[in-house]
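Paired with chain B in one complex and with chain C in the other, chain A is shared by the two complexes that follow.
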Partner chain A sequence: MTAGAVSAGQRPAKPRPSIVAPLAVVAFLAITWWAASDELGIGFDVFELLTNLTRGASILAEFVPPDWAFLDRTWAPLLETFQMAVIASVIGCGLALPISFLASRVTSPNAFVYLLDRGILSVVRALPDILYALVFVAALGIGPLPGILALILFNIGVVAKLLSETVDAVDPGPIEAARASGGDRVQTVRWAVLPQVLPNYVAYSLYVFELNIRASAVIGIVGAGGIGNLINEQRRFFNYDNLAVVIVAIFVVVILIELGSLWLRRRLV
Partner chain B sequence: MTTQPVARPQPPSPTAKRVATAIFALIVVGAAVTVDLRIDRLTDLPVRLWDIGVRMFSDLDFDYLPTAFGLMIESIQIAWLGTIIGALLSLPLAFFGAKNITSGVVSNVVRLVLNAIRAIPEILLAVVIFIPMVGVGAYAGTLAIGIHSIGTLGKLSAEVIEGIDTGPVEAARATGGRPLQVQRWGVLPQVLPEIVAFWLYRFEINVRASAILGVVGAGGIGEALVQSLVYRRYDRAGMAIIVVIVVTILIDLVSGWARRRIIAGGSTGPRADDAIEEPTFAATGAGRIDTGIG
Partner chain C sequence: MIRFENASVVYPGGVHALKDLTLEVPDGQMMVIVGLSGAGKSTLIRAINGLVPLTGGDVTIDGVSVRKASPKQLRELRSRIGMIFQTFNLVKRTSVLNNVLMGRLHEAGTLRSLLGWYRGEDVEIAMRSLERVGIVEKAYVRASNLSGGQQQRVGIARALAQDPKIILADEPVASLDPPTSHVVMRDLQRINRELGITTIVNLHFLDLARLYGDRIVGMRNGELVYDGTGAEADENVFRDIYGRSLTADDLMGEAAAAG
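== the complex of A and B ==
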């Protein structure tokens, strides 16, 4: 109807200029000014920053050359990081399996369990891994044990979210077949759902294992064991040439593990 | 017609599977046996956690609320400015990283750089690079978040650019646009809404990240959190945790509303909204993973 009303040569009326876009720009500028201002914000000043950066460059120069002799002292913490990641991934992914089945509409026994599980999971995911590490270190003292516990919670959060979404999307055919042949709930999950999601489960587990290697570099900074401990120790004494070695070592290990897990994933999935 | 009995295919050899299982078990058991756990501490864990939980949340220190809130505001400011830095630096990189804009070599190199940036958690960037360079404080946190954000923002934006409609680009070229003008008028208007939505999404992630960056002295509420836990002021720690959670959820709500408004624009359907809601597999990382560490 309206299209027909516009005859040749007659331009459609211009849309009225929207007030939303200018408002959004004003809001953006206001928030930025507020955040960067001296009195209300963090006092962010680009020119000051640039002078700081040039001064800081001389400190960065202390990173090179790295003191490769320090490499000998990185093996033990790197091994500990690896051990923590292995244990936390196995336990975390193991616990995440039943939790994700309870958190999917397809396999959850009832709405109460479903909502409860989802609620708990979203709280677990909302808190950062380093906060778990802080709390466990406060409760147990320093060492790899609080780190492993923090990583387990982190892993449950990640794997259960990804896996429960995968379970939501499985093919219902096998489930119907299992029910029709008299399977109970556990048997249905075991024989109709699990085989469908197993490749994804393996992929997610390898993915969190990689994340754990990286995360343990961070949670170690608050005393939860692994290579992060060494970072914290060296930065306190401003040993930047040693720190450079630690960073390179982490980077190499992360890349190696990523390559290994890529290879494994291709073989398994 | 007689049907030949078809020979069953050989079942795959179980040896490879057994070897793999054995190796896996060996690694797991080996790790569990050799790591220095002092596992006996686990028996105290439920009691201690309960004790800490009770002390955190039963007797909240409301006098501490204004301080905690002020520090959380600083975390938000760090996240906002960091996101702007990341957005400004990632936009040109995204154009260079898009395979339909540049040659394969350039885009591959840019992608590699973006992935490398993404692999380093912002806490490590702060500890290793920015605190030594600009000193302890909000500056270091802002820069760490800004640089780390480049990785994810650049990658996601490049993927958006790769998905554009080629029509406007050809039109801009046909009317004699120079290369930069083609990007400005043919590409940018198509991708900007989605990219701005990604910036807002990244801001939400960065609020979480900046709330913990203070743990290493990079400004914001994280420092208060770690100090109150170390000095056993659990009443303050509980207050700080509540402030972090409530403010984070509020920001998510406002920012999520703005994102949907930008993407839908009040007219079209929920086109790319789904894509924004779930880049978790690649992004967390921290996690919060990305959350946490991503």
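== the complex of A and C ==
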């Protein structure tokens, strides 16, 4: 194409740079300074952190050598943690599936159900799992049951959020096809939407299962069963050499489960 | 018979896509709608199965009003109207057979289809539909593994599985190359002639329209500007429809038609 063939439009002037980006950087720096300052914030000081780093060394020294004989006592609570995670994942992810479809504009029957479901999910996600565990332990007593209930709520919050956003982004073509063939809402979700999001759903479920293993270490500290109970008990008696064994055991189990779920996800997605 | 009676569609944005349209399509006819993008072709087709609600007038199918139909009646009506799309609209992650079985959703019922327990006769109908478009050997292949032409034939099989009285095809060949376009158009023509299914096709290639349409309807700005046979649709008629002279861009090309 010759230059003459192009219509001689005027080149546009370069637009003026936006003021938003520099303002955002200034705001970001100001908030960080505010959070760390001595007068207004928590008085965070990197040098203090470095000079005091050695203070904990005497306590850390008590972690080594780990008392490997204690390993025998970690199996039962670890198994309980694993079982809690399995039950919470199955129930939580199962409930999250229909909840996700009601929480997406694409599949929700109307605006009321959509907003109600979104609202409930926001409330569920507002509290961290350990607070749910505290509440359920208070209501039901110490043991794995309140832990499982806390994890179920946590799982619904995570999976429904991720999955409903995935549903928002599905290809609308098959949905139109299902509706055009006379399918009702349930059939449309089942055959036009679910096959599109199924690999994501499986991946999210495996992800929350991993999170459950980790979370149950923490919620056990407030009495909600599993390996956390053991941590709490050993910590209270300053048995740091036993605690070291528990930490290593959790570390190994979490890594193994992550590897397993990674392998599964690769095959499924 | 499909009857448009002063049918109008105004979209929420204010676009008047269908203006006071009156039109009759007798049973068994192969009608092609031509017009520029935005002329209202897709709206007209979707008004027939209620995917686009009318804002004025009515569309009746064998005397049954689409506009006044309850949700349940509308599903009933739709179950006898197959639809074929420009982008095929298959679920790519699942098998060809599962896609075709989507045409059996209404007959299978909610609970049965929810669990995937289709009756043997539903599967049999799906398989026969695949045989009719010549790709039954792909029944258990993932839809994403098929070529564009094969995917559109799955789309046709899905429509056939509904045992439809009417087939609506919205730009069915716009995503396909010329030789494949002719294969798909011939499939539609054969189905129309052998099964007597009323077939309404949106096309934007005029030579395809003339080649396959028993009747050609021209649309411009939501209004009917031509209604006649392909043979009568000459240069002047297309100038009316397109608002300008015919160019090579409006033709798919005759070379491929022989193939």
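Keep in mind that, in the parts below, the second predicted complex is superposed on the first by the 215 of 269 C-alpha atoms of A that agree within 3 Å, B and C clash if a C-alpha of one lies under 4 Å from a C-alpha of the other, contacts with A are read in each partner's own complex, and residues count from 1 in each chain.
Here is the rule we go by: contacts are C-beta pairs under 8 Å (C-beta built on N, C-alpha and C of every residue); 3 or more make two chains touch, one makes a residue touch a chain.
No experiment lies behind these values; they were computed from the predicted model shown.
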Handout entry: Partner chain(s) touched by A:73 [first = chain B, second = chain C, both, neither]
Key = neither
Exercise for the section: Go through the superposed model and pick first if A:52 touches only chain B, second if only chain C, both, or neither. Expected result: first
Handout entry: chain B versus chain C as contact partner of A:41, first or second or both or neither
Key = first
Exercise for the section: Report for A:176: first if it touches chain B alone, second if chain C alone, otherwise both or neither. Expected result: second
Exercise for the section: Using the touch definition from the top, say if A:265 reaches chain B (first), chain C (second), both or neither. Expected result: neither
Practice task
Check the residue A:211 against both partner chains and state whether it touches chain B (first), chain C (second), both, or neither.
Solution key: first
Practice task
Return first, second, both or neither, reflecting whether A:196 touches chain B, chain C, both chains, or no partner chain.
Solution key: second
Completion exercise
Partner touching more residues of chain A, chain B vs chain C, is chain B
Problem - Which superposed partner A:186 touches (first chain B, second chain C, both, neither) - result: second
Practice task
Tell me which partner A:130 touches in the superposition: chain B (first), chain C (second), both or neither.
Solution key: first
Handout entry: Common interface positions of chain A, toward chain B and toward chain C
Key = none
Completion exercise
The residues of chain C that touch chain A in their complex are 49, 51, 75-83, 85, 87-94, 98, 101-103, 105-106, 110, 113-114, 155, 158-159, 162, 168
Fill in the blank from the handout: Contacts from chain A onto chain C in the complex sit at residues 171, 173-174, 176-184, 186-187, 190-192, 195-196, 198-199
Fill in the blank from the handout: Given the complex, residues on chain A that touch chain B span 20, 24, 31-32, 34-36, 41-44, 49, 52-53, 55-57, 59-60, 62, 80, 82-84, 86-87, 90, 125-131, 134-135, 137-141, 143-145, 148-149, 154, 158, 161-162, 165, 207, 211, 214-215, 217-218, 221-222, 231-232, 235, 238, 240, 243, 247, 251, 254
Problem - chain A partner contacts - residues on chain B that touch it in the complex - result: 27-28, 31-32, 34-39, 41-42, 44-45, 48-49, 52, 74, 76-78, 80-81, 84, 119, 121, 123-124, 127-129, 131-135, 138-139, 142-143, 208-209, 211-212, 215-216, 219, 225-226, 229-230, 232, 241, 245, 248-249, 258, 261, 266, 278, 280-281, 284-289, 291-294
